[in-house]
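Listed after this line are the structures, all set down as C-alpha cells.
Both of the next two complexes hold chain A, though its partner changes from chain B to chain C.
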Partner chain A sequence: MKKIGYYPGCTLKTKAKIFEKTALYTAEKLGYEFIELPNWNCCGAVFSLSSDDLIHHLAPIRNLVRVQDMKEGAFLSEETLVTLCSMCFNTLKRANIRYKNSAEDRSKIKNIMDTESAYQGNVSVLHFLELFKSIEPGSVKLKRKLKGLKVFVYYGCTLLRPKEASLDDAEAPVILERYVETFGAEALSTPFSRLCCGSYQTVNAREKVVELAYKILTSAIESGADAVITACPLCFFNLKDIQNEICAAYPDFKGIPVAYFTELSAYALGMDPGEWDEEPGFIKTALAQTGEKKIKR
Partner chain B sequence: MSKKDIMGEIAKANSSVIKGVDKSEIKHWANIYIMGQRYEVPADLTIMQAMEYAGFRFIHSCGCRAGFCGACSTIYRLKGDYRLKTAMACQTRVEEGMFLVQLPFSPAVKPRWNIEKTGYEDGAFLAYFPEIARCVSCNTCTKACPQDLQVMDYIQAALRGDFKKVSELSFDCIQCGMCAVRCPAEIVHYHVAQFGREMYGRYGYPRNAVLDKRVSDIKKGVYDKEFKDLVKKNKDELVKIYKDQLANKDKFIKGG
Partner chain C sequence: MSKKIILDKESAEFTKKIIELSGEIVTLCEQCGTCSGGCPMCDKAETSPSLMMRMAALGQKEILGSDIIWYCASCYTCTVRCPRGIDISKVAEALRQIILRDSVNRIDLSKLTPAELEKLPQIALVAALRKMTG
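Showing the complex of A and B:
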C-alpha cells in the first residue's frame, strides 16, 4: 500500500468525524495507507484568508515541514500531503504556492522559523478527490449498488477558488461528478453547485446564510436530486444543520439529505452502517431505489 | 578511599559554604549582568548560585533548587545573539556575557473547573479556555519552554479535544509560566495542560486493575495485621525482613 501523508484538520476530529471515518475507509479500500502527521497544527484557515499577515502562514508551512521531515525519515512514500476538508486544502495549498513563488515571503518565514527545519518547498498538497480522479468507473469493486440515486454535487468555494488553488477547472469542474459516478450514482450539477453557502457569516449574519442555502438546496431539489454531497464541514453545517431554519423562513422548502462525498463511497464500498452515528438520508433513499428494505447492521 | 579521606574531600568541596570563597582557588570566572549590573562570578556556578555569590538573597523565585518546582524562571540574552532565552536558574550554569533577570511570577487567572461535572468531550477545553482559539501556531511558547516540551502542539491538540495528546505532551511541565508570558495570543498554556491531564486521568487513562485490587484489599483490611506486626518490630528485625525480601525478590514480585 502506498503510504501517504495525511492531514485531517481540526473539524474532522470534532464536528465531522464521519467525514474522516468514511474517507479513511474509502482510501484503504482503494489501496492507500494514510499516515496522519504525528504532530500537526491548525491549517491556518481562520487567519490566513482574512489577512496578509505573514505570521499566519507559519501554521500551514509548519505542517508541510513535518511532511518533509516524515519523507526524510522514510515514513512516507512521497512528499505528498492529502487532506479532506476543503478549507484546510485551500489554506495549505495557497500557503505552499505563496512560499514557492515569493522569495521575500520565503526568507521572512525561514527567518522566524529558524529553530525548525527549513521548508524546501517540495511538498505537494492534494485534495482527497485528486487522488482518485483517474480511476476508471468500472475498475472499483462495489459492494452496494447506488444505481438510480441522483446526487447533486456541491463544490462551494474553497475547492475551486482562487484559480491557482483550484483542484480542477475552476469554471467547469467535473471532479466531484466523476467521483459520484465512480461509485455508481448519478451526478447532477447546476451553477448553484459553485455558489458560496455564506461560510462564516453563519455566525453573525445567519439570515444571509439561510437565504443562500435555500437557493442552493432548492436548485438541487429542482434538478431532481435525492441528496447533496459536499467536501466542507462548514458547507455541511450550513446546508444540513440549519435546514429547520430554512423551513421556518421559506415554508415551501421541503428539505433534502446532505452528506460528505466520502460517505457515498464508503457506503458503496461496503462500510458497516453501524459506523454512522445517525443513518444518513441518502442511504434511506438508496435503499428505496434498489428495493432493499433495511441495511444489515 | 578511607572514610576520613571521603569526609575530607566533601569538606574541601564545601569549603566555600563554610569559610567563604577563596578567590585564589577559582580558576575560571565569568562576567554576568544581573538586571544590568555587572558581576564577576565563578564560572561553574548555576545562575541561582551566582546570584547568591553576587550578594542577592532569595526570598522568592526559588524553591526546590532541583529543577522541579518551576519557581526560578529566568530570561536572558547572550552577547551577540538576538534570541531571548529562558532557563531555570537552579539548573543552568552561568555563561560569559549573560544578561539576565528573574521573573518573580507569571500572572495568570485560573478558571475554576470541576472535572466531575465536565463532559469528556471535544469542546471541554474551549469552554474553559476560549482564548486557545487565538493560537496562530507561531511556536513561541515551544521556543520558550525550558523543559523542551512541544507546547504549541499540545495547545493545538487541546483545540481539537485530544486529552490524551495534551497529557502526554505536557507531562513534564513544571508550570514555570514562561510560555504564558511569551504567548502573543495570551494563552495560559500550563493551566490548559493541567486541566487536560486531570480530565485524561479521570476519564481517558485506562484503569489499572492491579492498583484497584490493592486499594480495595487495603480498604478491606487484608494487610492490617501484617502492618501492625511490622510497626512493632525493632530495627534489627526490620533489617532482616528487608534483606530477606531482597534475596527473594522474584517471589515477592510474582506474588503481586
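Showing the complex of A and C:
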C-alpha cells in the first residue's frame, strides 16, 4: 500500500468527521494508507493575500516541513501531502507556491522559523480527488450500485480558483464528474456548480449566503439531481445545514440532500451504514433506484 | 489621442500604497466590468468591484468606506476572469488591511449566541476572523 502524508485540518476533526471517515475508507479500499501528519497545526483557512504579510504563511509552511521530515524518516512513499478540505487545500498549495517562487520570501521565512528544519520546497500538495483522477470508470470493484442516481457536483471556489491553485480547468472542470461516474452514479453540473456560496460571509452576512445557496440548490433541483455533493465543510454548512433558513426565506424551496463526495464512494465501496451518524439522503434514493429495500451489509 | 490623468500628491500616495500592499498594478484596469459581472456579492454592495478598481487607480480614499471590501468573499471569480490579469481579490484585501491595521475590527463574535457559534464550522470562524479583524 502506498503511504501518503495526510493533513486533516480543524473542521474534519470536529464538524466534518464523516468526511474524514468516508475518505479514509475510500482511500484504503483503493490502495492508499493515509498517515496523518504528527503535530499538524491549523493552516489559517484562508491564504493571506497582501504582499507584506508573511507571518500568516508560517502555519501552512510548518505543516509542509512535517511532510519533509516524515519522508526523510522513511515514513512516506513520496513527498506528497493530501488534503480533503478545499480551504486547507487552497491555503497549503498557495503558500507552497509563494515559498517556491520567491527567494526573498524564502529567506525571510527560514529566518523566522529557526527551530524547525529548513523547508526545501519539494512537497507537492494534492487534493484527494487528484489521487484518483486517472482511475478508469469500471476498473473499481463496487459493492453497491448507484445506477440511476443523479448527482449534482458542486465545486465552489477554492478547488478551482485562482488558476495556479486549481486542480482542474478553472472554468470547465470535470474531475468531480469523473469521480461520481467512477462510483457508478450519473453526474450533473451547471454554471452554478462553480458559483460561490458566500463562504465565511455566513458568519456576518447570512442573508446573502441564504440567497446564493438557494440559487445553487435550485439549479441542482431543476437539473434533475437527486443529491448534491461537495468537498468543503463550509459549503456543506451553507448548502445543507441552513436549508431550514432557505425554506423560510423562499417558500418555494423544496430542499435536496447534500453529502460529501467521499460519502458516495464509501457507500458504493461497501462502508457499513452504521458508520454514519445520520443516514445521508442520497442512500434512500439510491436504494429506490435499484429496487432494493434495505442496505446490504 | 491619449489622455493623461494627473493625481494630486495625496491621491498618488494612496494609489502607491494599494499597489505595494496588493502587489497588483491597479492602474492597468481598463474598466471593462468583467469583475463586477461575475461577482456573487456585488448586488448586495453599493460599490461594485470595477468601481473599487477605478477608485483605487485614482487614489480616492472614499473607497475605504465602501461595503464591497467587506462583502467580498475572496471567491477569486474576478481573479480568473480579468482580461488585464489583475488579481482584484488582492486589491480588496489590501483595502481591508489598510483599515484593519489600525486595530479596527469589523466583526464581533460575541454578538453570536453560543448555539449559533456551536453550529458554525471552524473554517468559517477562522476565515471570518482572518478577513475581518486586525
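We take it that the second predicted complex is superposed on the first by the 289 of 297 C-alpha atoms of A that agree within 3 Å, B and C clash if a C-alpha of one lies under 4 Å from a C-alpha of the other, contacts with A are read in each partner's own complex, and residues count from 1 in each chain.
Note that in this section contacts are C-beta pairs under 8 Å (C-beta built on N, C-alpha and C of every residue); 3 or more make two chains touch, one makes a residue touch a chain.
Every value quoted in this text rests on a predicted model; they were computed, and no experiment measured them.
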| item | value |
| --- | --- |
| Touching partner for A:Ile221 - first (chain B), second (chain C), both, neither | neither |
| Which of chain B and chain C A:Pro162 touches, first, second, both or neither | second |
| Chain B versus chain C as contact partner of A:Met113, first or second or both or neither | first |
| Touched partner set for A:Leu54, first chain B, second chain C, both or neither | neither |
| Partner chain in contact with A:Phe237 - chain B first, chain C second, else both or neither | second |
| Chain B versus chain C as contact partner of A:Ala170, first or second or both or neither | second |
| Partner chain in contact with A:Cys42 - chain B first, chain C second, else both or neither | both |
| Partner chain in contact with A:Ile97 - chain B first, chain C second, else both or neither | neither |
| When both partners are placed on the shared chain, which of chain B and chain C touches more of chain A | C |
| Touched partner set for A:Arg62, first chain B, second chain C, both or neither | first |
| Shared chain A surface residues [contacts with chain B and with chain C] | 10, 14-15, 42, 44, 46, 56 |
| Sites on chain A touched by chain C in the complex | 9-11, 14-16, 42, 44-46, 48-53, 56, 85, 87-88, 157-158, 161-163, 170-171, 195-196, 198-205, 208, 212, 233-234, 236-237, 241 |
| Chain A contact footprint on chain B (complex, rising order) | 122-123, 133, 135-139, 143, 150, 152-153, 156, 159-162 |
| Touching residues (chain side chain C, partner chain A) in the complex | 20-23, 40-41, 44, 71, 73-77, 79-80, 87, 89-90, 93-94, 97, 106-107, 109, 112, 119-128, 130-132 |
| Chain A residues touching chain B - in the complex, by the definition given at the top | 10, 13-15, 39-42, 44, 46-47, 55-56, 58-59, 62, 112-113, 115-116 |
